[in-house]
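Order of writing sets the chain letters: A, B, C and D. Residues in each chain are counted from 1.
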Amino acid sequence: MKNIRTDLAIEARELYSTDGGQIPGVTTENEEIDGINIDRVHVLSSIGEQRIGKPVGNYVTLESMYIRERDPEFEEKLSFRLSQEIRNLVSIDKNTSVLIVGLGNWNITPDSLGPKVVDRIMVTRHLLELIPDKVDERVHSVCAISPGVLGITGIETGEIIRGVIEKIRPDVVIAIDALASRRTSRIGVTIQLADTGISPGSGIGNKRMALTKETLGADTIAIGVPTVVYAHTIGRDTIKLIHDSNIQIGSDINFMSEEQLDAMLNQILSENMGDLVVTPKDVDIMIDNIAGIIADGINLAVHDNITLDEIRTFLH
Amino acid sequence: MKNIRTDLAIEARELYSTDGGQIPGVTTENEEIDGINIDRVHVLSSIGEQRIGKPVGNYVTLESMYIRERDPEFEEKLSFRLSQEIRNLVSIDKNTSVLIVGLGNWNITPDSLGPKVVDRIMVTRHLLELIPDKVDERVHSVCAISPGVLGITGIETGEIIRGVIEKIRPDVVIAIDALASRRTSRIGVTIQLADTGISPGSGIGNKRMALTKETLGADTIAIGVPTVVYAHTIGRDTIKLIHDSNIQIGSDINFMSEEQLDAMLNQILSENMGDLVVTPKDVDIMIDNIAGIIADGINLAVHDNITLDEIRTFLH
Amino acid sequence: MKNIRTDLAIEARELYSTDGGQIPGVTTENEEIDGINIDRVHVLSSIGEQRIGKPVGNYVTLESMYIRERDPEFEEKLSFRLSQEIRNLVSIDKNTSVLIVGLGNWNITPDSLGPKVVDRIMVTRHLLELIPDKVDERVHSVCAISPGVLGITGIETGEIIRGVIEKIRPDVVIAIDALASRRTSRIGVTIQLADTGISPGSGIGNKRMALTKETLGADTIAIGVPTVVYAHTIGRDTIKLIHDSNIQIGSDINFMSEEQLDAMLNQILSENMGDLVVTPKDVDIMIDNIAGIIADGINLAVHDNITLDEIRTFLH
Amino acid sequence: MKNIRTDLAIEARELYSTDGGQIPGVTTENEEIDGINIDRVHVLSSIGEQRIGKPVGNYVTLESMYIRERDPEFEEKLSFRLSQEIRNLVSIDKNTSVLIVGLGNWNITPDSLGPKVVDRIMVTRHLLELIPDKVDERVHSVCAISPGVLGITGIETGEIIRGVIEKIRPDVVIAIDALASRRTSRIGVTIQLADTGISPGSGIGNKRMALTKETLGADTIAIGVPTVVYAHTIGRDTIKLIHDSNIQIGSDINFMSEEQLDAMLNQILSENMGDLVVTPKDVDIMIDNIAGIIADGINLAVHDNITLDEIRTFLH
């Protein structure tokens, strides 16, 4: 297992499949629907786990440049697609209770994706408990929390989530988090789903307390969107663009492997750029937009045959 | 026990001590310091509990019209006084761990007092766990959450709090909530402390799940500030002002008891004004200001000999 | 001319037409469409002006309790109705340039209606100047400012507006402001339009600098919504409800005229409740909702045959 | 005159003084006070103007890595230094009226610096007009506006500013804007002052309407802080770091001039990274902090012998 870390399975696959070929213990599929590139990575065994640096499980990446266009029609298609992929990963029926967890820091715009999604979730658990007769039968039990981050609460986020889960015992947990990417071009246009558990605080920082189906007693889906890159990454992307171009800028750089380039850049950049992490200038709009797409996708997935118009009316 | 409900012990006392005299099972003290009127009500027994409609325990009310002046010097005095009263109600030493709970809905300005206080709490629990050697010994373990409200999360707020408390086992819990008052003049100028437990959702709504020392295994302090009145209350205050004035507006109204007035007003107003609840026009500024005063008071109380300047630097 | 002040022509009419009959120099019409009560007051002459305390011009009030239901379908009907009434008051064609002015203080929620409407206006003037060929011909030239209030800028709001108007010379000015009402029941459910000019700072405070067609060289429409009442007003409403009820609370109060009641209440309440101005507890939601309705109404009125879906896509 | 554009005179100087030597028509000074590097560039003549690509006038740059530490004591020193430099550039006495203009878009965090500064300005003009006897004589006439941006208002920002200035005729105009930098390391740690006029919309976009002493009839000071870089710039910084390092990555790149590097990078990066502009992940905190420092510096400069405590009390 190599030591280059990435939050995205699609990037792990790119990294570890240097010749573009197959990785033992890992299968992949790719399709394009409605202008959305869908990439599915299945890590099947501990061999695959070792090779790709990601736990056994299923990883689905939805990616589309059209997200940047902010076209409402395309966004609806993407929400529908997301809802389908959630349903593929986890079984939801009328007796399923779902907890949505919005990870991240609401005071830091690029880290506020999770809480912003929670703000738009159609929360119904209390209605089904208090006034069940008045609730449409297509509506399932959904509740939601934004637990904050360690620096705000002083409490490990995983502890808060576990404490709440032990009280309310949901069948399914869906957690949303902002991630860091290794490619500048993925910022704000990529949505990753995984059924391998939640790692609060791992998105941008260290892995602290992994919450899995085993520890939580609930199916867990993690939805992540890269919203930041290390300045470092932009530097590396630059070199890679030069590297891939036809311009001969130097024999050495042109023949370096990605790993060698990383090693060199780490040496030069770490002391000069420190750990500068950047996000697009229009981050407020970007986060708002993706939060809406993901919330709609979740709302469509966790209830039965609800329309986007019904969701809007409910949330109004 | 009478059926007129109020969140404030000082109002309960006024209501049930029609002749201004003593109530069995209840003792009271009153002093004025630095322009702050401090009223202490001690409900000593089940007899007192029945008579005043409040559980056995201690209730302290700090009240001052100067709060409206927004004078930073006075506000510091009030924060110090508040910290003293907290320390009088609960024992805090260097081994005490404290959880601050900001009750209320952050989307509704007059109900956002609790979350706004939490935003200004000097949270230290994670520092004492991760880097204990770098933390000043006057600093104690403090953590904080804003659990939201039922309509936002779909989960009883009490369940969230209990779930978190069972994980982190604090010695002291301090909860802050916005209340409704029976006197227009108390809005934004009264701070009540009580050591009788927390009732999330009771401030402006129904009592749902009382959290007490017995159920939580921690000393609990509730801090409440009236931020709203029923339009109804303003109507009643008007009649009372007329009633108390020397103007003879009618023989009947001048001789009605407060209870008779209430009954009459309920009859007339409930169908006409419904349950309209109002708050001052400058509610944004009012909440912001009081949140600062209360957060400072708590920060001073839960640590040892910390100065307000040190708190500001920490939070900056 | 009497000296009881109100921002709403409908209230002025109620006040000055004690017998419900006609007022010289004033004509009125009333109709109900789609559950919206539409009241039109036309002040025709200086006689009418003197009698009703409002300048010569047209005043239209849209009022509906359904606003409180937050039903998207009803809100669309109301926006359409509002757009019609705007078009009735002012002529708009493809060469008309419109300036929208959002009056009020964005830091005080109940006074932030104007700026919140401006946030949702489909601003197009710069597009028609920079890329006219790419703009749909149904789209007219619209620009928008929120000039702030005296306490924030240090500048008379009227000066800022006049300065901007002298530079850009719009044909029509539409200003939106939050008002105070004399009836608690009107808060948040009444929209008044008038073509008699704008009075920045008059909504909740003193009339400072009236901006009229004569001084601005542009047709002016003022749109106002009562968002606050004096606590005083609630007191008066209470007495009036008692007064109108069959309950005999006192011979004097039951036989007082509204004016005598006001005089009495002024005397008693002014020193006790001061100038306390209140707003509903859910003011954040109320303002947000009405701002959306009014912005939609304006967007529909100032362009030609634009649909609400097109507006949403433009603003997304 | 070369065609590489930068908002910062310090960067223009670096660019055009390849050998570190003197530029004709330009004088420079540099000193370090309290850990703040102060760089003064004086463009003296049209020769200097041509060589450095900046109009005749004075440019002062305050730069310090300590800004990132968020130390309140250092921030006060920086505010004092800023106030001194403002006073060096423009004459202010008790009869001077000042208009503060907060340029930029309040909806885009890295562009919201100007409006955030305006929020903290001690605005007094209305007090001096309405209640002059109650205003301390050290307090001068200050007013402030945040005119928005073209995309929000549909009006050229320069038109709004000119319209307002023609009404209120201030003696001095101080405008604050967020800028783009050519060096990643300058983000959030550099404050530039210039007395050469204001160019609304030039910071991050095209120069549209320059407002100078001649056109405004007032001394103008522009205060700018780089808050974003082109992703491009980070790429270039990376190459430059490699270039400056001792590592031999290729003969060609190591011997390229900065201009050749730029040309190469433009070719490769523009089509691959487009015009991606980035800002640090913690942009919310960064902007908030610098806005406070600049507002304090301006408040100290425009009044006489006011203390920071008095400013805090006034703004509270």
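Convention: a contact is a pair of C-beta atoms (placed from the backbone, for glycine too) under 8 Å apart; a residue touches a chain by one contact, two chains touch by 3 or more.
Since this is a predicted model, take the numbers as computed values, not measurements.
Interface comparison, B-C against A-C: more C-beta pairs in contact at B-C.
Judged by shared residue numbers over all numbers used at their interface, subunit A and subunit B contact each other through mostly the same positions, with over half in common.
Centre to centre, using the average C-alpha position, subunit B and subunit C are separated by 37 Å. One finds 40 Å separating the Cα centroids of subunit A and subunit B.
Computed centre separation for the pair subunit A/subunit C is 46 angstrom, with centres defined by C-alpha atoms.
Residues of subunit D in contact with two or more other chains: none.
Against subunit B, the residues of subunit D that register as touching in their complex are 70-72, 312-313, 316.
Looking at the complex, you find that subunit C touches subunit B at residues 107-111, 184-185, 204, 228-229, 231, 234-239, 241-242, 245, 247-254, 256, 264-265, 267-269, 272-273, 276-285. Residues of subunit A that touch subunit B in their complex: 123-127, 141-148, 150-156, 159-160, 162-168.
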